[in-house]
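One structure is given below, encoded as structure tokens.
Note that the chains take the letters A, B, C and D in the order they are written out, and that residue 1 is the start of every chain.
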Amino acid sequence: MLEKLRKTVWEANVALPKNGLVLWTSGNASGRDPETGLVVIKPSGVLFDQLTSENLVVVDLQGNVVEGELKPSVDTASHLYVYRHRDDVHGMVHTHSPYATSFAIRGEPLRIYTTTSAAVFGGDIPVSDFATIGEEEIGREIVEKIGRNSAILLRSHGVFTLGKDVLTALKVAVILEETAQVVHFALLRGPVDPLPAEVVAAGYRVYHTNYGQKDRS
Amino acid sequence: MLEKLRKTVWEANVALPKNGLVLWTSGNASGRDPETGLVVIKPSGVLFDQLTSENLVVVDLQGNVVEGELKPSVDTASHLYVYRHRDDVHGMVHTHSPYATSFAIRGEPLRIYTTTSAAVFGGDIPVSDFATIGEEEIGREIVEKIGRNSAILLRSHGVFTLGKDVLTALKVAVILEETAQVVHFALLRGPVDPLPAEVVAAGYRVYHTNYGQKDRS
Amino acid sequence: MLEKLRKTVWEANVALPKNGLVLWTSGNASGRDPETGLVVIKPSGVLFDQLTSENLVVVDLQGNVVEGELKPSVDTASHLYVYRHRDDVHGMVHTHSPYATSFAIRGEPLRIYTTTSAAVFGGDIPVSDFATIGEEEIGREIVEKIGRNSAILLRSHGVFTLGKDVLTALKVAVILEETAQVVHFALLRGPVDPLPAEVVAAGYRVYHTNYGQKDRS
Amino acid sequence: MLEKLRKTVWEANVALPKNGLVLWTSGNASGRDPETGLVVIKPSGVLFDQLTSENLVVVDLQGNVVEGELKPSVDTASHLYVYRHRDDVHGMVHTHSPYATSFAIRGEPLRIYTTTSAAVFGGDIPVSDFATIGEEEIGREIVEKIGRNSAILLRSHGVFTLGKDVLTALKVAVILEETAQVVHFALLRGPVDPLPAEVVAAGYRVYHTNYGQKDRS
């Protein structure tokens, strides 16, 4: 069932440790099948090198396990809340990537200082209020606070990124951590102004029209 | 003798450099067999890529070598002191992982700023007093100061983590370093309050009941 | 067409992620063939592990695609502008390497504090004014501001390095990031004076006459 | 000629990038044969993954090439100066490892804050005066300033470590960088006192009598 989606979600999950975004079993990626609405997600507490496309869990939008022997991620209810409230989102990634999480600890939005982050995010990455793990509370915070951005910092926790598919959400998660790292380095040496809003908007526009090959994200 | 335990202890030892927790020959992991009480531990001063499950050393709780050609770790007496005083502990990991050790140098407990560290540790990670390497002194400090936590910072030295088995102690060591890293990043940009005690307690409770698959740590 | 140059440009491109200089699809390397004047460059938005020497794009100095199925990098116009204005340059590398980019965010030239950076750069690495991605504007900034250096920081963006061939430009990009890292570490602990200009000049002279094998860069 | 020494010196050289101590072609390791007095050293400007035990260069203590097609390292004269003045030294490593080099830039000795660095170094790691690359000047600074330590910071340049053989010098170089890293992290969060001299001396004594297997360094 959903073999192609399983494969892509597996690829996104194993890319998380390879890109330095997660350690041990933390973090997860999920994808929603546009036709059936079913969601493929990482099982809870499984090491990334023990993941296969077969042991991922398939759930429906209400959280019922449709296929899979393992219990789905403890973050499943939050993924599903976002999918139910955002028709445009078909992939999500959650990490505790360290530079981004340092902003989440401090409750500081990640502002836009570089052409790369202007292009990808188009505006400051917001911070949610503190939310408890395990139910929909994180999902509600995401839907309420993320606005038109594709990334959000979860207060005192980590990050969530959204995409039209799971590999897009993965790309956003990679660039979010790179952005947080470079901004952290720059701010440690003294205060500096973010880019003006019109420069950010222009960079976002160019990237979303001119960059990449026609059939790629 | 103790083939299965040897294999797990070997896995935990070689996971230390792979997870960036140790360099060269420093650091070690040990496991205690619940039936015989015998302990499998890294030999002293051997590079991790020269370890095999066969060249690990088996000692009894008094430190007599029961099996093995090599001299056991210089930290053996401290591992054994902890095992003798903590019936619930069957695995231990010792590292000099750099972010955690920077707190140990400063004599600063590692406080809880994230949901992940709340879940895993349930409270501030304490710092021991300075203790000399080579005898039981480190073991005594651990038993006296660690309380209900599973990790402790050794003053001016490094970290020790305890678990119901060696892979649990390894997991705690990985998450301890990740926690120290993210807190270091956050504190460099200015002071910030740790999570309230009741939030830490609730996060710990949820993680120890809901997370992971039934038969996993 | 240009098989040898394709291979070298491919090597330089895949060396970028291997040396920690780029993430995902960002950054690119190009090389100019001294005989035909044609330029081989990375296609836009392609992951580095999907690059082959065959899917690189060949363009002429006016930006017409001469060979290749994919769209060339969005930075192509800037590469070409530099090639047209600098006869001595036959290789270029563009990255967002994090330590160097933190100087670009702050608009701070990277000054010379080490014998290595004296040897390679021979003087402070300048910062361009802010330039928009996608047309020649970055290329014009490079030509105008780089002077006799082989590296330049692009304001709020990243870095460009130039060389007599693409592997020389790659070497400069690697050493630029290493230099930015070590200077960042040193400056975080307090102010410190750069090396005197005559020491920098002497180090540059020695390196460009005595270092390496005769037939190597 | 000197096949066993060639192999060990090759191992030490390729361990430099693997341990994050060098980039590109910088840094080098050498070893002296106790019987003939001949020295095996890295050729100048060769990438580490192109090194073989066969393309290392053999020189005598006056710097004459005895075997080898390539030009020896630009640091050869300094290695040889040290070998001629220190009968106990048969291995040397030179790196620009970033954390240690940040202390060299600042002209700050690396003080002893941890049991590991007490054990290995036995005292503060000194900083040389500025010395020019290419002749014996660095070697003279090393011999004059290193005292009884096995490591020295070269002002505005990098580090040199000495050992009874090249693998011992390598070990010291690895632990030097780890030490510089952890001390850098600790100092960034505020001032802290180094360990008392008598604690450092005791740690050094224990390590040099009790640690490791009898026939190992």
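In the analysis below, contacts are C-beta pairs under 8 Å (C-beta built on N, C-alpha and C of every residue); 3 or more make two chains touch, one makes a residue touch a chain.
From a predicted model like this one, the values you see are computed outputs, not experimental measurements.
Ranking every chain by how far its Cα centroid lies from the centroid of chain C, the top place goes to B. Residues touching across the chain A and chain B pair largely diverge in numbering: under half of the numbers involved belong to both copies. Centres computed as Cα averages put chain B at a distance of 31 Å from chain D. Rounded to whole angstrom units, the spacing between the C-alpha centres of chain A and chain D is 44.
Listed for chain C are residues 188, each touching two or more other chains.
Contacting chain pairs (ordered by label): A-B, A-C, B-D, C-D. Interface of chain D with chain B (complex): residues 19, 113-116, 119, 171, 174-175, 178, 181-183, 185-186, 188-190, 192, 195, 199, 202-203, 206-207, 210-214, 216.
By the touch rule above, chain C contacts chain A in their complex via residues 23-26, 43-46, 70-71, 74, 96, 98-99, 101-102, 105-108, 130, 132-134, 156-158, 184, 187-188.
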